[in-house]
Amino acid sequence: MAAKLALALLVMALVAAPEILSPYYRSLALAILADVALAVSWAFFSGPSRYLSLATGAFFGAGAYLTAIVEARVPWPLPVLGGALMGGAMALLVGALALRLRGPYFAVFTFGLAELAKHSLIWYETGVTGTVGRLILAPPEPWTLYYTILCLAGLAVLTALALRRSRWGYALAGIGSDEERAETLGIDTTRVKIGTFALSAAFMGAVGAAMAPRWTYLDPQVFNPFVSFQTVIMALLGGATTVAGPIVGAVFLGLASEILLLKFRYLYLLGLGLTLIVVVLALPSGLAGLLRRSSPSPLSSPPAGERAG
Amino acid sequence: MGPILLEGTDVGKRFGGLRVLNGVSFGVGEGEIVALIGPNGAGKTTLFNLISGLVRPSEGTIRMAEHQIAALPAHRISRLGVARTFQTPRPFLDLTVSENVRIAALFSGRPSAPPGALLDLVELGGQAGVPARHLPAGRRKLLELAMALALGPRVVLLDEILAGLTGSEVSRVTDILRRIRDTWGIALFWIEHVMRAVMETAERVIVLHHGEVISEGDPRSVARDARVLQAYLGPSTP
Amino acid sequence: MSMKRREFLKTTAGGAAAFTVLRGKAWGQAKPVRIGYTLSATGPYSVGAGITQGPNYTLWQEQANAKGGLLVKGEGRRPIEFISIDDRSEHETAVRFYEKLATDDRVDLMLPPWGTAMNFAVAPIANKYGYPLLGPTAVSNKIKDLQLPYFYALLQQPDQIMGAFAGILKELKAQGKISKIAIAYVNDLFGIELNASAATALKEAGLDVVDVKSYPLGVKDLSPVLKGFKAAGVDAFVGLTYPPDNILATSQAKEVDWNPPVWLAAVGTAFPFYRDRFKGAEGVMGIAGWNPKVKSAGAKEYFDAHVKKHQKEPDRWASAFAYASLQILERCVAEVGLDRPKIKGMVDSTEFQTVAGPIRFVKGSNVSTPGMVGQWQKGEFEIVWPKSLATGTPVVPKPAWA
Amino acid sequence: MSPTLVVDIVVGGLITGGIYALVALGLNLQYGLMRVLNVAHGEFLMMGAYLTYSLHTAWGVNPLLTLLITGPASFGAGLVLHRLLYARVLAGEAAEALESRSLLLSFGLLFVLQNAALLLWSADLKGYSYLAVPLHFLGSVFPANRLVAAAVALAVSLAFYVFLQQSFLGKAIRALMQDPEGAQLAGINLSRVHGLCFGIGIAMSAVTGSLISMLFELTPFIGLPYTVTALVVVILGGLGNVAGSLLGGLILGLVETASVYLAASDIRLIASYAVLSLILILKPSGLFGR
């Protein structure tokens, strides 16, 4: 009951934030919410399935660049929808090729995707359009962006929760544990993997599309490998096999780096690095491990639509 | 014995230059208990891997009821009613015992007994909430059996389910196997080294040696077959 | 090494510490003028930020505070307090922090971050809250597309830069010193725009370009490009570069045994580091904007003060413009106070005399500073084009690599 | 293709590839043996490069001689880091938790090392000239420093390869790399082998750094691209396969150089990722993986 009340208050606070907060704190909340959306959507695929994806930067970048291209021509939030479709479509294509790779092979392949996209885009833009940079001259209002990101973060969390309770949640956990075994139990692992991967990529593309107007100018450098890394850090720091983990990780990392940035201009990275090391050594099951006693299970309650008899 | 349910014709498998199975034909009837025996390295587990779709045969056909399954992915084969256990059990270690059974029930698309009843059958009802990681090896085998049954199978491929069990455990498990067949009419195709149990339980025995079927028939006649004795005891025996 | 470390710690912590001490002693209760900015201390932009902007910001602050503070019209001198963070070379961080400066900190003035993309990102915020932003490191034809009244670009833009390149190359060709030009450019916005301007400017000057090659940021080997130019008999190399690739190209030219009569490159050549790295870099040409010998008032004093405070010379292109942007602000505040619309009005309508020469803005663009070409000659980056501003005459062909 | 072009591509490819091989070999030792994805691998390269830079510019030490300092020093640092950080995480954990925790540790290390370099050497470009002279042979011309750097890198790589093939410890390491979970080696202290390999891996990275300091300008942020390249090579050649890393490095070097000479500098990275993708699609465990 208390938890539900707290949750309701949190949601109300997030909705009211643009009215209450100064633009700076609203922007901080927006940045952290964007990270929450990225980390949660990364974790609902990579957490249980244990396919460490480093493609976040690729999907994020695709969404962002799409906004830069179409922003002047279509009304908000169509670019965000477009970003979602773009991310999802890319993931379907890549997933069909890459999801038979295991472990480190998958990680490096997906990392390569962002680089491949970046350099192909540069090559195309240089050769064909003759420029690489694009300006967003009429960005949506800040509060529009805030609510867009808030919706995306909320949707990502709801998707993660629903997924855990669904048959696919079980299938992903099985895939992460022993993929071949999962196949012998009737699980179409390819479909589940590609489907979930595309779903998570759709969120990443949408977040990229929604964040792009904040930077006015975009070029292919927006395919930034650090987005991929940062997402992994947030999710793992919090605990990737839970829903709360990536949220906690994103909020913690967002606030910790902001405070370090404001307080220690020349020791910021040092502080961040030491924080990571201390958390890893002190909390074996991630920050979210602080929230509960038992070890994390990749599943929560029984799935809906369970078959029996 | 009913009509043939699972049937292989001239199945062969090569790994690189190595021929592991050669012209193997077999059949398992509906509700039949068929043992697959042979010395280590005879290719028994490979045959199971071919049937369950984890490995593609190099030649030959495999049929399950009216379906050709040699080219199907593993999950499709399991949805056609072919379940299996593994020699070294492979339950999902981070999931609990009951979650392991439930996950199997979720995807087969076939009716099966409720997970709780299956756990009771294999005497794991008391450990439903325990992560599979914490089960000893013998219990993991039983968990795998329950998982296989949760698929609502028509045939279960059992890979040395009795290995490492004590004498009394062996007879309890063979009891369970008979009950499975008698209650649901599920056929069992069963790799086993515990000969006493095979002789008592199986209705038919197929002997595999160096990747080929060298003998087939009821347990008693197979046990007397000179080729079988030679395969097990070595060529020097007359 | 230990000396350098000490020096670095001093430069980084120096401004703030000195200010805290001095404020207590000298100014008693005078309320500081609060000026906010971000500069990249980490990430790819930190190299440029640490050469062109950072040292000038802290130098100016120290000088003003030593005089008793920034003279504010009607209020006397008030000490300068900087509010700044490392933007991590990340646009989102910069955007957020400028919002903080405008709405939470409510600073009196803002200074720009380093680099074109960063200036693009924060300029709309400065504009929205009415802070004049005088960017010394924003170079792009797209700046005018932004149409932000509060944003000003001090540096020469691509057309001006390439106009100067074309000017000197045309004259050298007329003198029979060169005949074949080749261009290598970095394939980001900066390189692409410069290359586009080059195509136009060189064509207008009637010059033939025999080869054009692009390469990506972070390139590790330019010898294939250089070997190709060498084989084609190119005698004027034009590199539209950033500092790391500029230095790479220069060292590799020597390493593949190529010494064209004209070696002309973009960003990095004007850095004293470049001169020292290549033993004087005698005869190398590049984009210029300034050197301590120019006739502008205070140029020499600025140079000496920079060396004294930071133990390193200012670069010969954008540093002086970073300092000039502060001089402009200083003069405006002295004449109209901290009323920002009034400051804007004055910036729009005044020609300022700065260490980088006269600066006057039309629609946010500095129209007083033409494109310039410099050449390292005996340790100084002499301005060799345009002739009206020249401090030296071009030496072509350049001597062999040292 | 003219003979000169062939020489340019082959020699240029071997120069680039030799350096890739050495940095990848070190990463493969850590990743292949311990499943530690050390994203800070390139930061040790950066540190080695700065160390050589400082020794050379402050005291005039020959850059090649500094290998005798950067190698052992970074090996020691590796041992200490393994003992202080990784050994704690590696002790008795499920493989998956281990990978994610050691990955986070490496990120932490990456930030700490970058900040340390920033404080010690500032963000200014640093560099020096050494053997920056042309060498003419086979009808073409090559930078002497690159040839020397690549030759040393290849020599170190080959020496290590021979060590793995011939010595008892080397054979143990190879067996462990090919099957980290399965290989049960009686009489071998696993934690000590891990520490040793972590140290060797880091030393290889730092030594590569010493070599490349002769070629490129340094900033505190040059490390990550090398980590990425090393990862690509490791995956290309097959995880845990030492010969694979050596050959993978050379192949990547050749692919990149060929693409630059035959097409354009812009497509160097496109070509290398395209080749990687193609190989993984055809052979999901890398060129020489099982």
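Just so it is clear, A, B, C and D label the chains in written order, and each chain counts residues from 1 on its own.
Rule of thumb we're sticking to: a contact is a pair of C-beta atoms (placed from the backbone, for glycine too) under 8 Å apart; a residue touches a chain by one contact, two chains touch by 3 or more.
For clarity, every value in this text was computed on a predicted model and none was experimentally measured.
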Original post:
Counting only C-alpha atoms to place each centre, which chain is farthest from chain D?
Top reply: B
**OP:** Mind checking the centre-to-centre distance between chain C and chain D? Centres are C-alpha means, answer in whole Å.
**Re:** 36
Original post:
How many angstrom lie between the CA centroids of chain B and chain D, rounded to a whole number?
Top reply: 48
Original post:
If you average the Cα atoms of chain B and of chain C to get two centres, how far apart are those centres in Å?
Top reply: 76
Original post:
Which residues belonging to chain D are in contact with no fewer than two other chains?
Top reply: 114-115, 118-119, 266, 269
Original post:
What positions in chain C touch 2 or more of the other chains?
Top reply: 41-42, 187, 214, 216
Original post:
What parts of chain A, by residue number, touch at least two of the other chains?
Top reply: 119, 122-123, 126, 266, 268-269
Original post:
Tell me, which pairs of chains are in touch?
Top reply: A-B, A-C, A-D, C-D
**OP:** Please give the residue numbers of chain A that touch chain C in the complex, ascending.
**Re:** 22-25, 27-28, 31, 119, 122-123, 126, 130-133, 135, 137, 139, 211, 214-217, 219, 221, 261-262, 265-266, 268-269
Subject >> chain C residues within the chain A interface of the complex >> reply: 12-13, 41-42, 84-86, 88, 91-93, 95-97, 99-100, 102-104, 116-117, 120-121, 123-124, 140, 142, 145-146, 187-189, 192-193, 196, 214, 216-217
**OP:** Note which residues of chain D are touching chain A in the complex, please.
**Re:** 31, 37, 39, 85, 88-89, 93, 96-97, 99-101, 103-105, 107-116, 118-119, 224, 228, 231-232, 234-235, 239, 266-267, 269-270, 273-274, 276-277, 280-281, 284-286
Original post:
Across the complex, what residues on chain C touch chain D?
Top reply: 1, 4-5, 8-9, 41-44, 46-47, 49-51, 187, 213-216, 218-225, 227, 243-244, 247-248, 251-252, 254-257, 273, 277-279
**OP:** Going by the contact rule at the top, pick out the chain B residues touching chain A in the complex.
**Re:** 52-54, 73-75, 78-79, 83-84, 86, 90-96, 99, 102-109, 111-115, 131, 147, 151
